[in-house]
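Just so it is clear, A, B and C label the chains in written order, and each chain counts residues from 1 on its own.
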């Protein structure tokens, strides 16, 4: 594939996509704007035709891997099929043209979808209340920990300065705790992937505001001592936070509320099949137990006795932690999730947890059979699992990163690499419930072939990829000689 | 095996310290730069800043990692290695020479004694 | 089974390979009493695509049909057909974050182009790949200013009361957990601007930054040069909050005063993103080169591959949560990739002249709307300052009551200022903020004027 020029390199002075903008405005109509506040030189935006723009961005799109093109087994990312019907429904003109501040009289259709989505999420997670306001998983985490803080503050319990986090956690967990003004204390994880309960007991105390954890954990296994963990944290006066990154594994099978969690966030762009869009937008609704209901972020959808819908905001929920955005969050993502929830229904949601787990356990067994090493061979996989290539790295000099890059040549997207940090040279693999058995088998074949190459012709793996628009990129140059914008 | 000069003292957080009449030059060890990989940025303290032993006094960054630098001794920062702004790779290429980070005017000479000797630091690396 | 491809034979073969008798066996590490079986009865039955589509069609139709003059941070614009046709191509729509750079050159190059577009619109040095929205972007900018202003030890920032109150509320909700305080700066009730006088009281005090909104919430244009110079002379950084459409006509923040703004944020929605009930939008964020390591969010750099060929990759990742964990600049992981992609296509299609034309129509239509509405007895402009594409009008009746009556006629006549500003000045109890853009025809403006006249009669 040839190098694509930048849109700026296609620009010619005086060229334009004429039909895209209204006719120019006579300058006297702008006379109310004082000259000293006017821009002196027009901005250096590209001057290109409509066809040039369409062709340029269509060509760029072809340089991406995507679920619509490839198997995409990124662990902890839940790259499942994104139904096209959800996109079409969310882009209905009535939804697209609705202003976020439209009066309730002109918002009943939208509000009804949001109200029902809140209820579905509440039900499937076993929580007592849900707010859809956070715009991404990380913002959901923020809202969750901010609620924990608000709860302790409301009780005058201001000695709680620490959030406990298992060492295998996502980086967002400690970053979030700090954004909420907390110190972070890490809790070790045992050799079987479960939290070290004795160490947790030692770490808990009057300074503990809460524990943030994922279950199934980032080690790809179900935390079997979850009830003992909940008891330990609660007895110390802390609250339990559920990071919903891995909710897909247990959707419809176990509810975080029943496990003892006080607050959770969900990633609708994972579990509820909304698209990742090349890195966003997502949506990170939060659910809470009874005692955190007063602190939910606003606005939320409510229903009156007469069946009509209304917004619940800080004027009535005065104890709320407040707004996470200018308006009500990523509404269009929520509509897509609503579509997905309605089309799955109760049985469909249960099947998500079942079949994602089936696919992961099958893929793990098949990969072990072709010579891959599982990090936790004695454990059931959840919806994802970890392989380690420490042996391959040591014996053949082929790293997990090399294998990841070589997979691209086999038209397979690489799994998550080097996460969690505590397993050396690892892959975190999540196949999801929407891939056929044939797709899983093709991935196994690719991995078997690459292991064979790693043994017999390691250079092929170390220099991969060969078939992509570019070869391996110089990240060091990118960071040392920052080139973040184009100049002619 | 990475080089660990016998005449220097070491912090367990992988800084080295060299005392010249009360002015202590600080850098990171060859072992530390090797573990980090190619450095892309070094953040240094400001001259005049007063630090206590164990305080964060800078950051070294590679593409995939970032690591805090801790002051091995207490005192006032009297010089920084400005060449690192444009050439962070000096730390990789010559960690004990051109890749030094900053100098501290020592406020308590006895703190040097609590740092590790080359043998002790070698033992620490071996046990990691 | 919706979206699940496995046949009964597949399931049997997969279970055999695993060595399990049933799918339920795969959950045998979970304590039995924790299982959800029987607890999900309140969830409805699944529906076919046709059924869900019909249901959502009906819901969407309920909310359609009104003519809207609401702005207040989200604006109606014509979006060229090509924008979302391309942005929703599966290759953009269903790709992940571009961590595997070689397999993500499309998304990465789009972001690099987006960064370039935003720096050119704002006249700043660098841009990130976008954050969630304008309001949360301001929260990030406030936190960033504390890190970037090394002269200041303050955890306080000056914020004009004439800033969109939704931005102030969201920013406060996000930063207050870190003991960061927003100090309000009054506006002049006659002009609708933030005067230098209002800042004099803060002179000689330690604040990390001054926020300047251009235009401000009332649509009024601020004297940005004087405000910027005052802040810099007082040792503060300047955080600009701007509307991207307006930048085709107005002085870009990089040229405010003698040194320009230090950090620029804003709501990117006007650049090709539909209103869609408030999101997904995207916040843009630019800064001076020297502050780039304090900027949160994803940043793309241009580099070469091992054959020397141009390529794009994530860079400065050591700032981010997946490496820096508790010491990251923010907990943010995503950008608003898809909305940002749409904005890149939109801005490229319009070009400098097209965007100026959109901005010009917005301004001219809002002026025309204000003229038509103020021709009605008792309706007046609230403020004397020049405006861009929004204007505050005072009414002879309470604003909330008038807006409700207009809504009954399917005219959404703007946003009431009563709740947010009624206590500042009694005249604002009866004030509305109205907006017109290039999408409003003369007939739309006349419709509003006729409806308002009836309601006030």
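By definition in this document, a residue touches a chain if its C-beta (ideal position, glycine included) is under 8 Å from a C-beta of that chain, and two chains touch if they have at least 3 such contacts.
Chain identities (UniProt): A = Probable glycine dehydrogenase (decarboxylating) subunit 2; B = Glycine cleavage system H protein; C = Probable glycine dehydrogenase (decarboxylating) subunit 1.
Remember, it's a predicted structure, so these values are computed and weren't measured experimentally.
J.: Averaging the CA atoms per chain, pick out the one whose centre lands closest to the mean of every protein CA shown.
T.: Of all chains shown, the one whose C-alpha centroid lies nearest the global centroid is A.
J.: Could you see whether A-C or A-B has the larger number of C-beta contact pairs?
T.: A-C
J.: So the centre of each chain is just the mean of its C-alpha atoms; given that, what is the distance between chain B and chain C in Å?
T.: Inter-chain centre distance comes to 44 Å.
J.: If you average the Cα atoms of chain A and of chain C to get two centres, how far apart are those centres in Å?
T.: About 20 Å, centre to centre.
J.: Centroid of chain A to centroid of chain B, CA atoms only: how many Å?
T.: Centres of chain A and chain B (C-alpha means) sit 38 Å apart.
J.: What positions in chain B touch 2 or more of the other chains?
T.: Those would be 40-41, 61, 63-64.
J.: Going by the contact rule already set, what residues in chain C reach two or more other chains?
T.: 317, 323-324, 327
J.: Listing for chain A: what residues touch at least two other chains?
T.: In chain A, 475, 478-479 touch at least two other chains.
J.: Which residues, counting only chain B, touch chain C once they are in their complex?
T.: Going through chain B, the ones touching chain C are 40-41, 43, 46, 61-66, 68.
J.: Quick one: in the complex, what on chain A touches chain B?
T.: 418, 475-476, 478-480
J.: Considering only the defined contacts, which chain B positions touch chain A in the complex?
T.: The touching residues are 38, 40-41, 61, 63-64, 88-89.
J.: Going by the contact rule set out above, which residues of chain C touch chain B in the complex?
T.: Per the stated touch rule, the residues are 150, 293, 317-318, 323-324, 327.
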